[in-house]
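Please go over the structures that come below.
Next come two complexes built around subunit A: one with subunit B, the other with subunit C.
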Partner chain A sequence: MNPSIKLLLLFIIALEISFTTIISLNVALIVLAIAYLLIHHTKLRTIGWLLIVPLLPAIGLWSTQYINGSGNKTLMAWVLFSRIYTFVFTGATFTLTTNILQLADSLEQNWHLPAKFAYGVLAAYNLVPKIQHEVKIIRAAGLMRGQQLSFWSPKLYFKAVLVSINWSQNLAQAMVSHGFVEDAPRTHFRHCPLVWQDWAIFTVSIILMQVGAFLLPWH
Partner chain B sequence: MKWAKAWRLSDIILIALIGIFFGAIFMGTNYVYDVLTAALAPVGLSGLANELLLGLWCMPGMLAGYVLRLKGSATLGELLAATVEMFFGGQWGISTLISGVTQGFGAELGYIVTRYKHYDWLGLTASVLTTTLVTFGWDLARNGYFKLQLWLLILYFVVRFCSMFLFGGVLTRLITDMLDRSHVLKSTHTNN
Partner chain C sequence: MANIALKNLTYTYPEAQAPTLNHVQLTFKAHQFTLLTGPSGTGKSTLLKLMTGLLNLPSDQGTISYDGQPLSQIDPTMRAGQVALMFQNPNQQFAMDTVENELIFALENRRVQPDKIAEKITTALAFVEISNLRSRELNQLSGGEKQKVALAVIVAMDSDVILLDEPFASVDPAARTSLLKRLVQLRDDAGKTIILADHDLTDYATIVDQVVRITADRQLTTMPTADWPNLFAAFAKTNHSDQLWPLPTEPQTPLFRFNQLGLKQGQHELLRTTDLMLLQHHNTLITGPNGSGKSTLFESLVRLTTYDGQITYLNNDIKTLRRKRYARQVALLFQDAETQFLNITVAEELAQSKKYAYGNYFTSTRIALAMTQLNLTGHEDQVIYTLSEGQKKKLQILLMLIMQSPVLLMDEPLKGLDLKSVRALVSLLKSTIAVTKQTLIIISHQLTGLTPLIDYHLRFDHQQLTYREAIE
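Moving on to the complex of A and B:
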């Protein structure tokens, strides 16, 4: 499925379940999402991990409503509990089957996002491992001078911004020197088609979602 | 796409890098969130963990709005940070993106109401206030806050504002002060 249409669909679903309080609908979405993941050969271990990661916040939300809620406390507690899992599993159907490169291609080719945004963000995204390493370097450099740089130390962020400024200019220069011209028309090596089947899946899913949210007599 | 014209390639990369850097730093704070949530869950106050740390997570937007004084920079900065977080498997799945938009737009709104002219205490405080309001409005629905008892709702709101003010206001201000003193912002802004 076209990445940006998929993301749009999931975005709308996430918005809609944020305003509905139907546990069965949430569970149905989770089951659908898991089925989708299994079809796409996601490892069982990954799915198990997805069950564990949101457990703590889910219990937190559950107990907050159960103890300090008003009205039908039990219902709301379980709605929020299942809602988190719906967010995580529907999100995983995107993040585990699509990479950011495909999304950038789709946004650029199908939605005319200026190429500088698509490729600029990709350039930065590819530096993630280097960025994680750099944070360690900044902390170690601080320790060498006896400064413990914690997440509330302005100096840590200041140094991170300095590095960002430096790298952003280097990267931009590197891209330009390799022939990238801002706002110039481009041809594409990787094609990302947007076909009528994408729109069909999108429309049917949205209609099904409305049936699930408003017509089915869930309990 | 008139607004896009003002953006240079290096601006876009910069805003994305800042978002990722902050994300990398925040990953080290996840344990604080987990411990707090676990400790507060039995008394039904685990939302406090979220409220206490939310200001931290909203910093990229506010800082991006300050560093790159372009329309949309706060929203884009926060949205990019959220996108990266989603791909790296945050605890909130797809709703991370919606949170990113609301937090970014909340921060942006502060700069909008001060007409993109006040890059000082006024602009930051306005941004702190609008971010608190917009994100709280979103949590009324998403986290079911509208069903909570009133005293708890008020407590959450006050804690959230304090967190926003401490991290988004004071800490961001300390960082921007350092940036101002080092005279690095001018060069990025005019973009040579």
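Moving on to the complex of A and C:
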């Protein structure tokens, strides 16, 4: 499925379940999401982790609601419990099956976002591990001069911003020296088609979602 | 096919007082391999960036033209086909995640038809002999491998003129030899024009057609071929020393002890499992080719990178020591001076070091004296980032000396300094450690002036770290 349409669909789903209190809808979405992941050959172990990791916060929310909530405590407790899992699994259908490169391709080719934006975001994303290492280095440099730079220390941010400005300049120069020119036409090696089937899946999903929300709710 | 003419070229950085390049006149002939030399920080990078169009040359400051056509009039989309630049820092020249995606990105920018892209990538990678790296992640490659990828990108883009800005600074000797071989091949078989900036002159004598130097008054001069032997011999001397050092004998106090230590960079092995001791109150020099893993060794000693095996400091596993206390014991002088700075002005930096110093040797008088010795007096209120590279380096070393941490690891402390500054620094180091009894461990390529400070010599080469009596 086209990455940007998929992302849009997931946003709408997330928004809608945030405002509904229907357990059957949440459960149905979880089941569908797991089925989608399985079709895309996601490892059972990964799905297992997705079940285990949110368990603590889900139980936390459940018990808070069950003990301190008002109104229909049991219902709301289970709604919140299942909502957490719905977010996790619908989100996973994007993050586990689509990479950021495909999204950038789609944004550039289907929505004609400036290539500078698409590739700038991509380059920044690829820099994240280096930035983490750099923060470690800045903090070590602080300790060696007798100063502990905590996460809210202005000095840490001042240094991090200096380094980032420097890197972003270097990166921009690297892109230019690899032939990148802002707003100039480029060819596309990877095609990211946006076809009527994508729109069909999108529309049918939204309709089904409304059926689950308004016609067949099971509380 | 491109003669490159620089006419009356002057460039001054907006915040600088003196021009970095001053009325430069020179023609680089097509199909030639030119070596551009001169000390660090004299404008080599600036010149190359101007020639690529990465820095804009104001229209009244001279011209750069390719075959008579001024660079400013060449359409930006055609520039990459005309001229490409390979950067010094291999970590900051890729926008994508994998080798193949970076090549695709570059070829798409050059508007190569999609059905031709895969073939061009295959050819370029095969030419540089890195076909096996095609789907690897760039983050996982060694410095040498990254520079080979950078060359493959340039080959794929088929640029006429190839500029290289100190491309071998973190490249191991085998990769350097292989890259130089490819460059010569590009000149001889594909008729490319190559201009390479380097201050390390090893191996160039037989392959280059022209040597151009940046002079002290910021101009370019072509060196007559008759002067080449002197130039190359003088360089070999700064990297060589006839001095012999003793090998350490057992019953001394170990400062660091390596138990089965192993270092890696991505999938690339830097150090094979090693047992070794570094000694307290003795200064150890570590030498070895670029890319052998010397800086990575320092990073593991201060716990900035992961390693296999165990490192102990005064018989404690360094992983069990509290970071804050350990950082007061073992400090690292980073290769890039700016990494060390935490404040804005020189005076603030000095005040910080003085406030948190481990001992009280550096009184205000001694600091003022050291500032005079290092020719830094008068710069107290200056913003550190506006100092010259040499001034930054000297200030950085002074700041770390004031701290008086028992162990100071120094990564290329003399890089980019002139001989006068080197002498001043070494004499300051000697007089200081005579009193403070600090242990210095020094990585250095440049040996002139440094040798009197050294007690032992470690060689890091071919994935091995061993004590040696002589250099080479």
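We take it that the second predicted complex is superposed on the first by the 218 of 219 C-alpha atoms of A that agree within 3 Å, B and C clash if a C-alpha of one lies under 4 Å from a C-alpha of the other, contacts with A are read in each partner's own complex, and residues count from 1 in each chain.
Just so we're on the same page, a residue touches a chain if its C-beta (ideal position, glycine included) is under 8 Å from a C-beta of that chain, and two chains touch if they have at least 3 such contacts.
If you're wondering where the values come from, they're calculated on a predicted model, not measured in any experiment.
A.B. asks: Sharing subunit A, do subunit B and subunit C clash or fit in the superposition?
C.D. replies: Overlaying the two complexes on subunit A (C-alpha atoms) leaves subunit C and subunit B fitting together cleanly.
A.B. asks: Quick one: classify A:Tyr66 as touching subunit B (first), subunit C (second), both or neither.
C.D. replies: It touches subunit B, and subunit C stays clear.
A.B. asks: Which partner, subunit B or subunit C, is in contact with more residues of subunit A?
C.D. replies: More residues of subunit A are touched by B.
A.B. asks: For A:Pro193 in the superposed arrangement: first (subunit B), second (subunit C), both or neither?
C.D. replies: neither
A.B. asks: Taking the superposition as given, does A:Val176 touch the first partner, subunit B, the second, subunit C, both, or neither?
C.D. replies: both
A.B. asks: I'd like to know which partner A:Lys155 touches here: subunit B for first, subunit C for second, both or neither.
C.D. replies: Once the two structures are laid over each other on A, A:Lys155 reaches both partners.
A.B. asks: Does the superposition put A:Gly142 against subunit B (first), subunit C (second), both, or neither?
C.D. replies: In the superposition, A:Gly142 contacts subunit C only.
A.B. asks: With both complexes overlaid on chain A, does A:Gly48 touch subunit B (first), subunit C (second), both or neither?
C.D. replies: Neither: A:Gly48 stays clear of subunit B and subunit C.
A.B. asks: Applying the document's definition of touch, where does A:Leu101 land relative to subunit B and subunit C: first, second, both, or neither?
C.D. replies: second
A.B. asks: Closest pair of CA atoms, one in subunit B and one in subunit C, after superposing: how far apart in Å?
C.D. replies: Closest C-alpha pair between subunit B and subunit C: 6 Å.
A.B. asks: Both subunit B and subunit C contact which residues of subunit A?
C.D. replies: Touching subunit B and subunit C on subunit A: residues 119, 123, 155, 162, 167, 171, 175-176, 180.
A.B. asks: Going by the contact rule at the top, pick out the subunit A residues touching subunit B in the complex.
C.D. replies: Result: residues 10-11, 13-15, 18-19, 21, 53-54, 56-57, 59-61, 63-71, 73, 76, 79-80, 83-84, 86-92, 94-95, 99-100, 112, 114, 116-117, 119-121, 123-125, 127-128, 131-132, 134-135, 151-152, 154-158, 160-165, 167-169, 171-172, 175-176, 180, 182-183 of subunit A touch subunit B.
A.B. asks: Quick check: in the complex, which residue numbers of subunit B touch subunit A?
C.D. replies: By the definition above, subunit B touches subunit A via 1, 4-5, 7-14, 16-22, 24-26, 28-29, 34, 37-38, 40-47, 49-50, 56, 59, 63, 67, 80, 83-84, 86-89, 91-98, 141-144, 147-149, 152, 167, 171, 174-175, 177-179, 182, 184, 187-188.
A.B. asks: Looking at the complex, which residues from subunit A come into contact with subunit C?
C.D. replies: Residue positions touching the partner: 101, 119, 122-123, 126, 129-130, 133, 136-138, 140-148, 155, 159, 162, 167, 170-171, 173-181, 184-191.
A.B. asks: In their shared complex, at which residues does subunit C touch subunit A?
C.D. replies: Where subunit C meets subunit A, its residues are 49, 52-54, 76-77, 80-81, 84-85, 87, 89, 91-97, 101-102, 104-114, 117-118, 138-139, 153, 157, 302-304, 323-324, 327-328, 331-332, 334, 338-340, 342-343, 352-353, 355-357, 385, 399-400, 403, 405.
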